[in-house]
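Scroll down for the structure; my scribbles are underneath it.
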Amino acid sequence: MTSDKSDPFMLLETFANPHPRRDYLIEHHVHEFTSTCPKTGQPDFGTIVIRYVAGERCVELKSLKLYLQTYRSRGIFYEDVTNVILDDLVRCTQPKWMQVQTTWSVRGGIHSVITAEHGVRP
Amino acid sequence: MTSDKSDPFMLLETFANPHPRRDYLIEHHVHEFTSTCPKTGQPDFGTIVIRYVAGERCVELKSLKLYLQTYRSRGIFYEDVTNVILDDLVRCTQPKWMQVQTTWSVRGGIHSVITAEHGVRP
Amino acid sequence: MTSDKSDPFMLLETFANPHPRRDYLIEHHVHEFTSTCPKTGQPDFGTIVIRYVAGERCVELKSLKLYLQTYRSRGIFYEDVTNVILDDLVRCTQPKWMQVQTTWSVRGGIHSVITAEHGVRP
Amino acid sequence: MTSDKSDPFMLLETFANPHPRRDYLIEHHVHEFTSTCPKTGQPDFGTIVIRYVAGERCVELKSLKLYLQTYRSRGIFYEDVTNVILDDLVRCTQPKWMQVQTTWSVRGGIHSVITAEHGVRP
Amino acid sequence: MTSDKSDPFMLLETFANPHPRRDYLIEHHVHEFTSTCPKTGQPDFGTIVIRYVAGERCVELKSLKLYLQTYRSRGIFYEDVTNVILDDLVRCTQPKWMQVQTTWSVRGGIHSVITAEHGVRP
Amino acid sequence: MTSDKSDPFMLLETFANPHPRRDYLIEHHVHEFTSTCPKTGQPDFGTIVIRYVAGERCVELKSLKLYLQTYRSRGIFYEDVTNVILDDLVRCTQPKWMQVQTTWSVRGGIHSVITAEHGVRP
Amino acid sequence: MTSDKSDPFMLLETFANPHPRRDYLIEHHVHEFTSTCPKTGQPDFGTIVIRYVAGERCVELKSLKLYLQTYRSRGIFYEDVTNVILDDLVRCTQPKWMQVQTTWSVRGGIHSVITAEHGVRP
Amino acid sequence: MTSDKSDPFMLLETFANPHPRRDYLIEHHVHEFTSTCPKTGQPDFGTIVIRYVAGERCVELKSLKLYLQTYRSRGIFYEDVTNVILDDLVRCTQPKWMQVQTTWSVRGGIHSVITAEHGVRP
Amino acid sequence: MTSDKSDPFMLLETFANPHPRRDYLIEHHVHEFTSTCPKTGQPDFGTIVIRYVAGERCVELKSLKLYLQTYRSRGIFYEDVTNVILDDLVRCTQPKWMQVQTTWSVRGGIHSVITAEHGVRP
Amino acid sequence: MTSDKSDPFMLLETFANPHPRRDYLIEHHVHEFTSTCPKTGQPDFGTIVIRYVAGERCVELKSLKLYLQTYRSRGIFYEDVTNVILDDLVRCTQPKWMQVQTTWSVRGGIHSVITAEHGVRP
């Protein structure tokens, strides 16, 4: 697989799972996320919960923060960004199971929640 | 299937599911909904949650808002409106699974919640 | 079945289930209920949740309110009133499944919740 | 002043203020109150807060409960019942200051709060 | 002052203040209100709190509900509707003091609250 | 089985289950409970939830309150008191299923919850 | 002033106010308090807030806890216990200002709050 | 005063106060705000409340949203941005009184709130 | 197994499970926990929930508190500390099932929750 | 005044108030604070709110965090630490007004709040 430096995925770093023989649950609740609506050009705001059972690698928190900040000026829809984040995190950590859930602020009296999973929860 | 322009269903628009190979959950929480009680002619107020696992198509949010606004002056009972919204959304998106849940404000010291589903949740 | 006019059950009215081919959930949350304690003669206060999957008939809301008001001066215990309301509502609507849950205010530092069901939830 | 036994006021009992030389605040929060709407004949439900700085007498709690239960079958408007309860409690306790605040359940999408005072808060 | 039947103000009814010699506070919390944005034609949703110390007349609750429903299809801005409701209620009840406070749902990530008063609170 | 009058168990009274042919859930939430720590002699405070599906007998509420008050001066550990209350209630009501859950106030920055069950929930 | 060892007041200990030249506010929120109702013999449960601006002495927390535990078996009314605790704490700390506020659990659908003060808040 | 098009202030639009003879309170609660920390280059997230009593002009909501979005990529400290927003809004609306309050997300276990006012609240 | 006194594990004490024949759930909610981040040297703060079904031994609460205090100056990552606490508690109590869940305060706009289990919940 | 490097006060840094001509309110809410009880040697946990109207200097947030961390191993009472923090912050920022409020976790069923101020709020 080839990637160039400008791929946000390259920002993600991992560390060795310190207890790889036990299946345990890791959750990261991201309180601050913003991207841009590709249709209106207006900013979208949301929160993200990442839940996973690690394989050999865990995602490093500071690199996760920097990775998510790359969406600040990207135009991308709710459904898409949720799946792309899941794909990127699965690619770098190879988890036994992972779920990404995004919750978005109100637009036109409606707020949305998107939940995507990879693998089967042990 | 024939429809005339005055059918609110015609307002609903869809877009291609960007990740059709993954079964993921989409929720739209509608904070503002109002229709009319066919018995008393008085306005009813409620909130709606739409949850679905998309097939090939997703419902477009702005068109969903405009579609739901057509109920503002329609006289329709709680149980009926819940099922009609579900039928219309199923017809236009052909989801793998969909749930519509309506919660209504207090009338005579009682508030009601109606929950209808289509298909089996993957 | 014979009933006389003074039976509170006679107050309950029903209407035809508008979507009988779909099993969907109907909930009525009753915020205001009062009966009388048969032991002390003191008023009891509570709230009631009625959940059901309708068969051919749905219970009409205004008649439900009037029916529940007949308990205002009846002396009846928590466990009993919960089962009697369930029996009466089952008798008039013949649901596929029904649950009645009553929650009572504090008496002597204790509050009680009684939950009775009829049938198997589809 | 003459009163007959059927006057609910006669139910109210008092006891001597145990610390009459200090102006201190007494609050009774009544969680359960019901009366009848004189217009519709339908029951009203509410909560009541009674706040006062006692003079020589304090209102006895059990007698207060029995007094308030007499409204269960009385037809009386929100504004009226609040002032009548205040008048009765002032008459029997002669407080330095008293406030009666009633909060009513939702009717037609509106709930009301009525607050009446007697005297100047020390 | 002349008014024609189509003026929503004509819907407002009053009743005699039952305790005019005491200055007491009346609050009506309106949970359900909707009007139309004159700029976008989109519906606005809000809640309203009306607080007043009555003079000789109190506003009748059912007429208040019907009056507020006339805004359902009127195009009017937040700041304007708050002041117009206050003006109409002052005109029909001549209160010693009155406050109208409207709270609006989120639009573009912003929600607004408008608070207007008439007279000096006793 | 022999018991002497000083056994708190003797305080518990029961009444006939009014609907023994239906398996329904009874919950009593005890807001006020206090016992004594056998190690420190200091008072412990907690709340208790009793949930059960009755057999032929239900526990009478006032006798339950008096029974629980006997722990006020008994030195007994969290784990023990939870199981002893369950044993006593099972002995007097012979339920189809019963759960006792005790929640204790903070001690040294830690609060505890103990949950014991008897039988299999129908 | 003479006191015998059995006076609960004797349990209260004080320490020197570490910053006597600044008027600052000290609050102790007591989550667990129980006494006995002199009328029914039943236990009462409550919470207490003690607020004061110290003079030369502050009340020591562990001694405050032991002092309050002496009420566990004392029969004393709400209004009385609030004033007695205030009197005892004023006697031992000589504060510039002190307030004692007791909040009691629900009895007969009513809960009470009593608030007594000594001195003028600086 | 001269301004060039790139000044965010130029985005702000106003409309005539529809009720200039009454002093009433307008509040706009901005749920979504983000700027950049000039020290770390990291994004800051916050919420803003704008409260004012208008003079002749009110701030138009959509232009307010666009104005606030210009901070998305500006490096500016909490204390500074609060005062700059206040200055800009005062300059364009000339209010009788205005308050800007910003609340910021947690950084290093600390969150901050800054509140600045212009004029005297009528 | 050999351990030296400086192993925090040596601080843990147990007592005999008073009801070993019944599988019941014990939960300890630790409100106050702090350790040190090995990367930044900055303190971390969290809360811990320990849930278990005891075998022959229960963990003694005061010794648990002292054991957890040993982490105050230890540099250890979230994922690691959760598993180490679980290992230590399993080693000293040999439970039928145990779960340790740690919840950490916000760092860089993200908070984490780690949940590890030992054995199968009965 | 002479200070040596080991004085925690030396850690505090300030920056120039960007808007010194306006009296505005700055609040820092510290979610994580821990010190040591000088009597028991046990850790204390709390939260702190610092509110001030700056003079010429504002306290820099990162230095505030490092300053507060020096209390981690200091034995100091609630009343004392609150006043010492206030004194140190007043010494380095010379504010027009400042308030320090500390809230402590439950000890023996009691939690405390200490509030100290310097100067008169403008």
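Note that the chains are named A, B, C, D, E, F, G, H, I and J in the order they appear, and that numbering of residues resets to 1 at the start of each chain.
Here is the rule we go by: a contact is a pair of C-beta atoms (placed from the backbone, for glycine too) under 8 Å apart; a residue touches a chain by one contact, two chains touch by 3 or more.
Just so you know, these numbers come straight off a predicted model, no measurement behind them.
Novice: So using the touch definition from the top, which pair is joined by more C-beta contacts, D-E or B-D?
Specialist: D-E
Novice: Between chain A and chain E, what is the separation of their C-alpha centroids in Å?
Specialist: Averaging C-alpha atoms per chain gives centres 47 Å apart.
Novice: Cα centroid separation between chain A and chain I, in whole Å?
Specialist: Once rounded, the distance between the two centres reads 29 Å.
Novice: Among all residues of chain A, which ones touch two or more of the remaining chains?
Specialist: 31-32, 42, 45, 105-106, 108-109
Novice: Tell me, which pairs of chains are in touch?
Specialist: A-B, A-E, A-H, A-I, B-C, B-D, B-E, C-D, C-F, C-G, D-E, D-G, E-H, F-G, F-I, F-J, G-J, H-I, H-J, I-J
Novice: Quick one: in the complex, what on chain G touches chain F?
Specialist: Interface residues on the chain G side: 31-32, 34, 42-43, 45, 69, 72, 105-106.
Novice: Okay, in this complex, where on chain A does chain B touch?
Specialist: Chain A reaches chain B through residues 77, 79-80, 82-83, 106-118.
Novice: Can you check the complex and tell me which residues of chain F touch chain J?
Specialist: Within the complex, chain F contacts chain J at residues 42, 45, 105-106, 108-109.
Novice: Quick one: which bits of chain C touch chain B in the complex? Just the residue numbers, please.
Specialist: Counting only chain C, the residues touching chain B are 17-19, 22, 24-32, 54, 58, 61-62, 64-65.
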